[in-house]
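Following this line, the structures themselves.
After this come two complexes, each holding chain A, first together with chain B and then together with chain C.
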Partner chain A sequence: MFEVFAAVAIVFAALMVLSRNPVRSVLSLVVAFFALAGCYVLLFSPFIAVIQVIVYAGAILVLFLFVLMLLNVGPERPEKTGRPIQTLLSGIAIVLFAGFLLSTLRHSGSAAPRALAGEPNVLGRPEALARELFSGYLLHFEAVSILLLSALVGAFVLARRDREPRG
Partner chain B sequence: MIGTIPLSEVLIVSGALFCIGLCGALLRRNAIQIFLSIELMMNSANLAILGYGASLGTREGQIVVFFVIAIAAAEAAVGLAIFVALFRHTETIDVNRINLLKW
Partner chain C sequence: MTLLDWTILVLRVALPALILPAIVTPLVWVERRVAAFIQDRPGPNRVGPFGLLQSPADILKLFMKEEVVPTSVDRLLFFLAPGLAVFAALSTFAVIPYGSSITIHGEEVPLIGANVSIGLLYVFAITSISVYAIVLAGWSSNNKFSLMGGIRSSAQIISYELAMTSAAAGVILAAGSFRLNDVVGMQAGTWLGFVPRWNVLVQPLGFLIFFVSAFAETNRLPFDLPEAEAELVAGYHTEYSAMHFGSYFLAEYINVIVASAMTTTLYFGGWSLPGFHPSGILGAVASIAIFAAKTAFFVLIFIWVRWTLPRFRYDQLMTLGWKTLLPLSLVNLFWAAAIEMWRMGAGH
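== the complex of A and B ==
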């Protein structure tokens, strides 16, 4: 089951990267995030999976779609960069990075080959999570609420249209 | 089925998603698509954190991911506002054409 969700997530993430049409790429990322939410459920985190669907797929990506529609950005046109050596080198760098990262992760996993432990209905129960969140992490929670408020004000200030043009 | 997922499998999926996101951030020229790739990389990190948390049998992973998602929402709002403001100034969000700060 995990393999199915992971494969769907990887395929749609690749579609997101490869498509030139930004709207199509947002929609494939929505599917990838749904599949990731399925992975989270299998990793004993149903609450995080629900947040993933509601906040990420529901709110953040819809915000992306709104901005795309607002700006009316068309598909990206293929364009020669005029820098073939840099393109080649960045391709080699990505392949090397992926190889190193994946081999390191595989070895780190196989050094401690253990199946995911824990009883699912104890680990992922939202009330236990809430108790831990609001006892040990209350200060962090309040800090995040202040951060969200300042991001709201910042987004409003940034996106506001200037009434009188300056200078 | 649940409870038999090896940790290495979760980490490899997370690493693969991270590399796909990295490719997208380097490949695309549309600023919004680069931003989407960065969101994908953040989600791959979330997957690794949840995998480690579940494998250690603690809830700390879920709490960290909760905060990451909240901060990602703030980041997306500010980033998209920056793109809207940028589009008002330059009429494009192609990162090759936005070179005001380049030299």
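== the complex of A and C ==
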């Protein structure tokens, strides 16, 4: 079951990159996120799974879709392939990354999900997660919220800047 | 798992999913008759006794009608969207407890699709899928009215989801659990012997915000801007015909039922009633009846409001959501937290 969800997530993540139509890309990503949520459920973390769907699929990607539809972005035209050195370098990067990923997987083995499932899972239960978050990680949590606030204010300032002052 | 376990599981999951669409048929008739009563006209009264067969006839018509698909639609998404709408509407009900519990072979089976620890969050997650059903319909139709409806709906649902979630957070705070059966459990019993311990009496503001937001989330009047017929022809489902249009119709009514059931569960004690202690099969049936009666009451309010209030303007809708309901829901959250602090202090 885990393998099925993982495969769906990978296939749709690939479709997200390969699709020429931006709206289809966003939708592929939505499916990938749902598959990922399925993986979390199978890892005994339903809370993370649901938060993942609410935050990413439910809020962020809907906003993406909203902007795409509002601007009416058409399908991308295939770009002309750049210099051959770019193709070569990206090929090397892909091979290197794949090798790195495979070696990491071999060292940790595929036992990672099973080990997690056996533990008294902190991320699975909302109460335990909240206790951790608001005791041991309180400072980090508050710091992140201030970071988000500053990002929000920054976006607002940037959006307002080129508007003429009134009066 | 034995065969019996599987049967129980399938029944628990499938029964609400089968019963909900079946309720929609008479509900449409109720809506039209109530509308007619409010507007001082007879309403559908020709087909069958009291016009009761009008809805089945209409549904038969929807199934038999020719499907007209415009040439320039994105076919995959165009046909996916209505299915998604019905799927999202039906699957929300899975975590709502619709009755107490029945004992089969010494095993207690709670009357709920899935008694999961994240019940309420699951409902909000599924609500976020239903946005896609409308947005995709609007986009894939390749029609400017549909697109406007889709854009409006995504902005509207996201805006009101915030207020709705914050209002519901007050209930979660009081119950100490996302499990909806725990939310029902904490509302059992009475204060002073006769006042039911319903959340609506502790958090009336939270109830008001939740219920108003529910109208926006279900695209019902006075917040039905995604399909405002005076401006957008029929909004996001302009290009749909036959049963694909019917799917949106069905999803809207199921959403109304689910929103009413959620209101009942969160603020009005769900299937419980003061002084009522369900036991045996009869008790279970009685608890389902109590739940159904409370839900039906809120469905009637949905219909009543629809035929009473005119549609909001879009800027009014946004102002209400962001500048009124959201701050008020934070006030409600502080209030709920204060009560909880006081209760914990009193316990020591």
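As a convention for this text, the second predicted complex is superposed on the first by the 146 of 167 C-alpha atoms of A that agree within 3 Å, B and C clash if a C-alpha of one lies under 4 Å from a C-alpha of the other, contacts with A are read in each partner's own complex, and residues count from 1 in each chain.
In this text, a contact is a pair of C-beta atoms (placed from the backbone, for glycine too) under 8 Å apart; a residue touches a chain by one contact, two chains touch by 3 or more.
Just so it is clear, the model here is predicted, and its values are computed rather than measured.
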item	value
Simultaneous placement of chain C and chain B on chain A, clash or fit	fit
Touching partner for A:Leu29 - first (chain B), second (chain C), both, neither	first
Which of chain B and chain C A:Gly154 touches, first, second, both or neither	first
First (chain B), second (chain C), both or neither touched by A:Phe47	both
Touched chain A residues, chain B compared with chain C	B
Touching partner for A:Ala59 - first (chain B), second (chain C), both, neither	both
Touched partner set for A:Leu70, first chain B, second chain C, both or neither	both
Smallest distance from any CA atom of chain C to any CA atom of chain B, in Å, after fitting	13
Contact residues common to both interfaces of chain A (with chain B and with chain C)	47, 51, 59, 63, 70
Residues of chain C touching chain A in the complex	77, 116-118, 121-122, 124-125, 127-129, 131-132, 135-136, 138-139, 147, 150-151, 154-155, 158, 161, 176, 178
Complex interface listing, chain A residues touching chain B	1-3, 6, 9-10, 13-14, 16-17, 22, 25-26, 29, 32-33, 36, 39-40, 42-45, 47-48, 51-52, 55-56, 59-60, 63-64, 67-68, 70-71, 73, 76, 79, 90, 94, 97-98, 101-102, 105-106, 108-110, 112-118, 120, 123-124, 128-129, 132-133, 137, 140, 144, 147-148, 150-152, 154-156, 158-159, 161
Touch list for chain A against partner chain C, complex	23, 27, 30, 46-47, 50-51, 53-54, 57-59, 62-63, 65-66, 69-70, 125-127
Chain B residues touching chain A - in the complex, by the definition given at the top	1-24, 26-30, 32-33, 35-37, 39-40, 43, 46-47, 50-51, 53-57, 59, 61-63, 65-67, 69-78, 80-85, 87-88, 93-94, 96
